[in-house]
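Shared between the two complexes below is chain A, which has chain B as its partner in the first and chain C in the second.
Our next item is the complex of A and B:
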């Protein structure tokens, strides 16, 4: 609450979003816009993870379950039922949220915590992946192709900047939502459950209800990222939608950026994917050919280094050494 | 008659595969039982061991059944060093951090292998790879029978080590009460690393037993890791007998559901068992403490 407009409250969110919004006027290259659009999709997925794990302390290893529900939800609604994608979008988000509620109810009711919860979420994501890969309804191993009909009314944009701004508006909404939640009563309950669930329960916090609310929101947000992914690439299969890659990136971005902070997922996604591109380019230049997986090796090293030396992520380090960041703790 | 034959052969094959699953799960459950951590890098370490067998065979012409005597001590040292030099200092003793650090280790191993060996699936060519032996009316793959017998031998040795040796006593003491063990002069950090080393060494043995009949690619560990977790959860976290029984059960379930429902759903059966056990009976079938 203390500190100026720049270091607390909604000010920094508005400034960051405004800066990101004018970015496409600086770059016109399609590859840059594609990359930035992808960064925003990962950010959105990571924001969902951060709400549940960063604020609520429930570490999920299987956010692909929600991402995939969003992606398959919006794709199948169009291909199988002929729905308009704008109409399918809220339905797919609701599907992700519902998946979150069910998954949360099953595992929290069984009092699964810590590593057990991580394993159960991972197993759910794998079950969905195998089912989507085997079922004829989801297109099996061939995946789902969304027919190309470029029209804003059809959620397909001729101008790549339109998609970027749309994704940015999702990310901006979740930034505001996270900030609001962090200061709400619900946010306080959530942090109390993270810090000490038994103590929170003893003080009258309904831990099950709080965790269920968090995983529902989390599932919906990450499903929205899946919807954007499907509409951006117009093709999904089981390994893209339910694969481990998105579970890992949704968890890496907040941890590297700053877990349990409003800006952590965004900062982490920019840094992570930026570093990934740099690594890939460097090794291609060094060895004269693409080296698959080398960017992920760097991510793994970064994850261990962050856990070991920067538990509050890059933003935490910045806050320690740059006075301007020190004021507010969003 | 023919039906019964097919059923019996699926059952026998399930038991044989299940034994190797059990060996993988044995390492995992030992680490969990003593250190109380879930080693997420277990699957990736198995992949690493399988590639080590592959390289030993391709580059040095070593038969997997000979390589096992070199790789097992090598992986013990690797596990010891990994636990002592990376996992402990990086995680600051926090449960969630350990999970993240071992996840980081698994990402590094898996993708380093991908960068070096690419995503091609490889196998080694040994003269006995396809040989079979006749047991009653059944034809069983010889390498799988060897793996089955070797697993039982390793489990027996492990039990002997834990029950009889001084190190085994120290391991059991640390598992039960680490503060008390430390007060008795046991070097807990050393015992933790030794246990981690033994668990990792089990993977080297499993890899040598698997390679004559299995294929390896950088992602192969993923297929095993959830199977191993399922076995450990089914048998009760930290229970060696449970891991052995759980491995055999899972092997049979996979084989029979593969027979009746097709290959892809055989995997589903394993995950469903995993979820049902964790959600409804987290102490495992045999009721060890969770």
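Our next item is the complex of A and C:
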């Protein structure tokens, strides 16, 4: 419980965030900044997943449902209703959170657990994807284009670093939030529900309420990632916003980084997307042309390696071999 | 004047399809007592216990606690009003330490982390789990897990503790160690209802024993009275057993 500033509590979070914040001064290339910004968006989506699945044990295969709600929410609020994106941001996050509450209420009240819950979340994401692809309101298959008006007041930045720092502040906020939750009564109840729901209920834990709170927060966080995605690329369609790719990355990052840990999603997203990028570049250099999908092969191999040799993820391995990391477990 | 019982179960019936697991069974638990619930295998003890703990609703009948009807109150709300239970098949939070396990119970009355952790330590020490506080709950021995079950339940600061076969699976010396622990819990002011197979322990611990056989309450009284009740002997040993035993005793006395 007691530990140095460096190994426990908020110390490591501040150090990691500070290190990430000065990163743009080292790389000025736009491609690098674009890549880092994308890593942070995936991290944020994965942090949402980690709260529900890593701490609460409710494995979702459909976090795209929340990501897409955020992305479409902020985009349509601007395009259809003329709202300022900064105003649309909290609304879109709230929409994601509300989607979480409803989805959670429907499936947790019916006592869906394990793979049944996972399948229901997957089904929801797919239904949203099909609806968004078909409806005229969401722009159908053509998607939504957010008009280019570069202005900080319009959530569009001339300097790529501004977007990076904004995304980093979201990630930092969720790191702190996760750390705080992990040490709170709510966090203890969430983990208790994950470990054994009946035993938790016998100790006075309202399992349904705890799971609903978790999925609401989770939905909101992942929707925030969707908002950032929409504002970064200024274009979304059904497959980008509600497609399985983000559901998969949101769960792969924490599993590879360290499930149910504060830093797991960040470590996993960096490793996953970093290795994916390196592999793509390497094969392009080797064969003289891009090999589509080669990064997905890397994801698959990483997942198999983790499941087989590092069930607690990369951070779990580090903690085993480097004593300095040991105190960091919340 | 006699005070009203802490827990009153009246006419509890629980059916699973065509099977009547508990049939119109009633039981009162006096405040400050250790009450035992015994019966042969398949008598419906666990079903009855599950109904009291709020993990199953009875088909008919009612449960009241401190004069309040709680028949339909969900399990987590029962914990809030002061009823705690253990599980026959221990259910530790295996991924957590002993301290964190007990703290989940302590959080019910102590929302702050420091207070809950301190409380967890106190209770662990009382139940002899002090040296294992930082051990993972999954690494405990069977006896350790049984103690952890009780510690977690006690951490919710109940006025009624429901113990479901906490002695099952323990060896004789572990049972001997556990009996004073249960007694100390009662002496600290917690009423106990214990479902138990280990007769030696029931006889030593309980003030009152109720016997359930084929879903019906067939006897109730002091342990010694119940043990010599012909109906109870027949329920355990089969029809006619009481007569045969009497005859044998008569023969050996002659």
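The rule is short, and it goes like this: the second predicted complex is superposed on the first by the 330 of 330 C-alpha atoms of A that agree within 3 Å, B and C clash if a C-alpha of one lies under 4 Å from a C-alpha of the other, contacts with A are read in each partner's own complex, and residues count from 1 in each chain.
We take it that a contact is a pair of C-beta atoms (placed from the backbone, for glycine too) under 8 Å apart; a residue touches a chain by one contact, two chains touch by 3 or more.
Since the model is a prediction, treat every value here as computed from it, not as a measurement.
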item	value
Clash or fit, chain B versus chain C on superposed chain A	fit
Contacts of A:133 with chain B and chain C, given as first, second, both or neither	first
Which superposed partner A:119 touches (first chain B, second chain C, both, neither)	first
Partner chain(s) touched by A:196 [first = chain B, second = chain C, both, neither]	second
Vertex chain A; arms to chain B and chain C (CA centroids, nearest 10 degrees)	80
Which superposed partner A:185 touches (first chain B, second chain C, both, neither)	second
Partner chain(s) touched by A:14 [first = chain B, second = chain C, both, neither]	neither
Contacts of A:204 with chain B and chain C, given as first, second, both or neither	second
Partner chain(s) touched by A:98 [first = chain B, second = chain C, both, neither]	neither
Smallest separation in angstrom, by C-alpha atoms, between chain B and chain C in the superposition	14
Contact residues common to both interfaces of chain A (with chain B and with chain C)	none
Touching residues (chain side chain C, partner chain A) in the complex	53, 55, 74-76, 79-80, 84-85, 87, 91-96, 100, 103-105, 107-108, 111-113, 116-117, 152-153, 155-156
Parts of chain B lying in touch with chain A, wherever the complex brings them together	37-38, 86, 89-92, 95-97, 99-101, 103-108, 110-115, 118-119, 218, 222, 226, 229, 233, 264-265, 267-268, 271-272, 274-275, 278-280, 282
Parts of chain A lying in touch with chain C, wherever the complex brings them together	1, 183-185, 188-189, 191-192, 194-196, 198-207
Interface residues, chain A side, partner chain B - complex	57, 59, 61, 106-107, 110, 112, 114-116, 118-120, 122-124, 126-127, 130-131, 133-134, 244, 248, 251, 255, 291-294, 296-297, 299-301, 303-304, 307-308, 311
